[in-house]
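Each of the next two complexes has chain A plus one other chain: chain B in the first, chain C in the second.
== the complex of A and B ==
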């Protein structure tokens, strides 16, 4: 009963949060002299028309993988801001792998993706060790590593791995036999989407909610002192949670390259809505719940695609998606506070009875 | 022999330019890091200075673009930086939410709002030549001192903000030794005890963030109206976070900010110079990385086990 009540308030809160973010977004559009109703009509049209739902799911996939990883890291209170860099590193290593092995006529996609994930995890290794061994704030180091990663990728794309034919700094196209195949013909819906939603989400859910290890992560996140008393190797758990997060972000980059872009480009994550930072918003908005994360990724993915439609049809800048997202984040923070107050009130009322 | 003298002269010019630009480029980070240092002494870790700087850079650019008045631009920067900082203060002090998460979210908000409004004012397809403002903040030569041969030109020929930042570091260093400074340190070490001793913790923290918001906004405005004459998306590119790292390196000592901030900016100026020279064997991306690599490396070498204020970044709920 109590749990149901709490879930209900949480659900209502999320709706309120999203609603109020949209209202403020509407005010901003109106202030800039646009028609908010028309804009939002096109926004939802572009996001959730049945024909466009596959596109929304494709957009949601990298967001989903990144935010699932961040859910794990944030649960252990490792504030990994570096998913953007890990995503880029994953993408570029998948592309390099495919360019190197392009004449091997074997379905090497799983190995390429594994390679992408591992390089993402490697990128997350240094900040986590610095945090655990030397107490250096991981927010700063992971953020610095984002810039380093993007400059590094830019170097690789303009230097050693540049496609000599192309006008842009990008790698060669990945040969067809190394691409991730499309599942539903007539759309771009690829196997990676199915894999992420139907395999990764349950795994992360099971891992966090049903295993001992997940419990350790949660205890560590909720109360580091309690973790110490219950003999959890907190350092090891923190590093591992960060590595999982880096792995998933790298995997996201790999899937994006092998299935959607078919080459590594500098705009792997669009500049108006960078996946690595959007993932933070999704992880927080879902209250670090792996299942809720899936739904919210779809929602935000739709928001991004919809804002493109909105831009074309109602000429509202694409950055609106970004604003609504960040407003959602701010409101969700206020929501944490409200929920805290509400649940106390409920508990007290129950005690009274 | 003559050619040798010329080469030497060039070398001197190079070194002079390098030192001059590292002093001049350091001003925004010096301003924001001294403000953040005091705030951290008071127990608040404000990551959203990055966002305050970005919003300051944007609003000062917009105002300067439309009014062509740099004073209005600075005021707009101060106010908008303050606005974001007050939002941060409300969320973390009044609602006692997690400071790191709040800071990150507000930075994303600042990024979204600035890039949206930039496109709303100048159109989505930003032309290859971005809109520019005509005048930038001019350097101000201090009358007599700037005549001193080399040192004068190096130190006393900058934008006014540089001198202000310089003075402010000493001012805040002295402030920490006063009664008010003691109170600030007390609420950073143990707010409960400070409260029982009659310090109004939340009011003092609001005051500190109020000051910081103004300073962060203005320091951000320097990027778009003093060094460049345009605005770029995510123009601050992590300078706020760098400032926080430099504070750790300075071990929360205002005077130690001088070596850390200037050394960091020396690296930054050096990488700009390397880019300009265009060394064939050294890709320009690697020189762009240098400041960030330096920050991590410096944290690794000197930032280990440095103890900050005990209650830094801990939410404080007033007992009733």
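== the complex of A and C ==
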């Protein structure tokens, strides 16, 4: 009963956060001389017309995997800002794996993806050790490693792994037998989408909410002193939560390469998506709830796709969707504050009854 | 002649705790007024209302005959009311002078002028020479307190409120502090201080107001009080008769062995010197001492929070711990259910298949704590941050008592609890001992320690100066060892 009330408050709050961002977005569009209603019509049309829903889900998949990982890391209060880099490292690893093993006529996709995930995790290892051992701020180190990752990938794509016959810095195409297959013919909806939503989401939910280890992560995140008190190996848990996060970001990169791009490109995370950074917003907006994360990933995925329709049909710049996303971030922070106040109100109301 | 008056103050905290229930209190010009009550009686809340830190839900504040309302401590300061909090508000890394300036931010005072004024006040407070440019973390508790007082006096306040001013001081500092109060009174200050120690209240105050579970029980003039006994009865409302549960100590097997232990605090000051202790099965070993004499560091070393410099600690069995710093024991943003198994995550009882938690067992256990400690809440899924302070203590204490199998370190187990719950806790500790659990009891409540312990070790300046057996215990004698 009580919990229902609190969940309801939270749900309404999320709607308010998103709604407020759209209202301010509308004002900005209007100020720029655009038609906000028309813009939003095309935005939602591009996102959620039945025909385009598979595309939205495909866009949502890397966001989902990254934000699920971030939910784990953030729950332990490890502020991993490096998902973008881990995503790139995962992507390039998967591509390299496929290029190297292209003549092995076996379904090696699971191994390629595992390799991508492990590479992503490896990329997250150094910052977490620095944090645990020497208290070095992981926000800075993970953020900086993003640039290193992207330039490193750029080097690989211009140099050793450049496709000799392509005009662009990219790897050669991945042979069909190593690609992740499409599950609904006539669309690009691939197995990775299904796997992410139907396997990864429940696993992360179960892991965080029902297992002993997940509880340790949450206690550590809620009160590091209480973690020490309950004899939790804080350092180990912190590193492991970061590795899980890196693994999922790497896996996201791998899936994107094997299922969507079919090669590693420098625009694996285009500037209008920035999967690694958008994932942060999604994890926070979902209050670190793995199930809610799935819905919000779809919503944000739709927003990204819709913004391009909006651009084409209503001549509103794609950047507008970015503005709305950023506004959502600002309102999330306000929302946290409001929720705390509201939950007290709800409690008092219930006591009065 | 009243200088300030609080009329019919009611304050209810968001968790539902009624901290003050229709409380009226007045302060005469130039008097020292003690506000006496047990932990959790509502003293601090009342004083925070008087100093503008909290706003009352009902009631009015009258200063110099005029009704006022305080929106912040600043408002109260403008009316000449200043408060020294129990947890000091000095910024540790800043110097004494900087901290003082910080308290005067709204007043433009030149630095030369200020240094002079500060030194004048320090000499008035018979403050030993302290370097105004040394960071405040290097100061002793007594010195910090004087800096706080000086800071308020510089604002020429008329009413000085001190919340539990003696709780952090050791023996001789307390006496000096009480002398200081008398001299401040001569300077024309009207003073209120809260305390739960009757002796201190009797020593310097002109009047004493006794507060119990949020209500004022009586306001008495010093000269009308016949004995300390009367005050005790008023304070706790007729002591609940406590039958000590007799238990046999089996000296055959030791659960906890501490040998020649030396421990330093965060600043590297040695706080525990060559302490040796043995805790046996079925025994309650009390540690008594004035706060700050090394108890904290000793416990931290035993439970593994602090690395000792030298010495040995041998723990033979499962160790549970009731921390005096309650925030150690709970994760505020998680539910009561989850917090019920904090510290027991790896116990077999709560483990299911595939690394899962056995939720049924966890729920059962959580409900057991709730009913055992009479925690009044709508649901165990409620977040701990929505509980009142008293209920958080109940949750922690109840959890640890119910989980204790072999060793229990009970640090201030009844602080913050009402009389009834305190009694329940004491009874349970005795029962645990009779079932063979070894209990190490650290409490600043000497009566509690004497009531329960089979042996009492007196700790002073980090050393165990004396160990009393049950038949040798005598509060006067123990007090002497503690303060000597």
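Here is the rule we use: the second predicted complex is superposed on the first by the 348 of 353 C-alpha atoms of A that agree within 3 Å, B and C clash if a C-alpha of one lies under 4 Å from a C-alpha of the other, contacts with A are read in each partner's own complex, and residues count from 1 in each chain.
Just so it is clear, contacts are C-beta pairs under 8 Å (C-beta built on N, C-alpha and C of every residue); 3 or more make two chains touch, one makes a residue touch a chain.
It should be emphasised that the depicted structure is a prediction, and the values quoted were computed from it without experimental measurement.
Legend: residue contacts after superposition of the two complexes on their common chain; A:318 is shown touching chain B, with no touch to chain C.
Ranked by how many residues of chain A each touches, chain B and chain C are led by B.
Judged by the touch definition given at the top, the superposed model places A:175 against neither chain B nor chain C. In the overlay built on the shared chain, the residue A:225 is in contact with chain C alone; chain B does not reach it. Looking at the shared chain after the overlay, A:212 reaches chain C, while chain B stays out of its contact range.
In the superposed pair of complexes, A:147 makes contact with chain B only, with no contact to chain C. Of the two partner chains, chain C is the only one that A:343 touches; chain B does not reach it. When the two complexes are superposed on chain A, none of the residues of chain A touches both chain B and chain C. Of all residues in chain A, those touching chain C in their complex are 1-3, 206, 210-213, 215-216, 218-219, 222-223, 225-226, 228-232, 343-344, 347-348, 350-351. Interface residues of chain B, counted against chain A in their complex, comprise 47, 87, 91, 95-97, 100-102, 104-106, 108-109, 111-113, 115-117, 119-120, 124, 233, 237-238, 241-242, 244-245, 248, 283, 285-286, 288-289, 292-293, 295-296, 299-300, 303-305.
Here chain A touches chain B in the complex through residues 28, 32, 79, 81, 126, 130, 134-137, 139-141, 143-145, 147-148, 151-152, 154-155, 158-159, 271-272, 277, 280-281, 284, 311, 315, 317-320, 322-323, 325-327, 329-330, 333-334, 336-337, going by the rule given at the top. Put simply, chain C touches chain A in their complex at residues 14-16, 304-305, 321, 323, 327-334, 338, 341-346, 350-351, 354-357, 359, 378-379, 381-383, 386.
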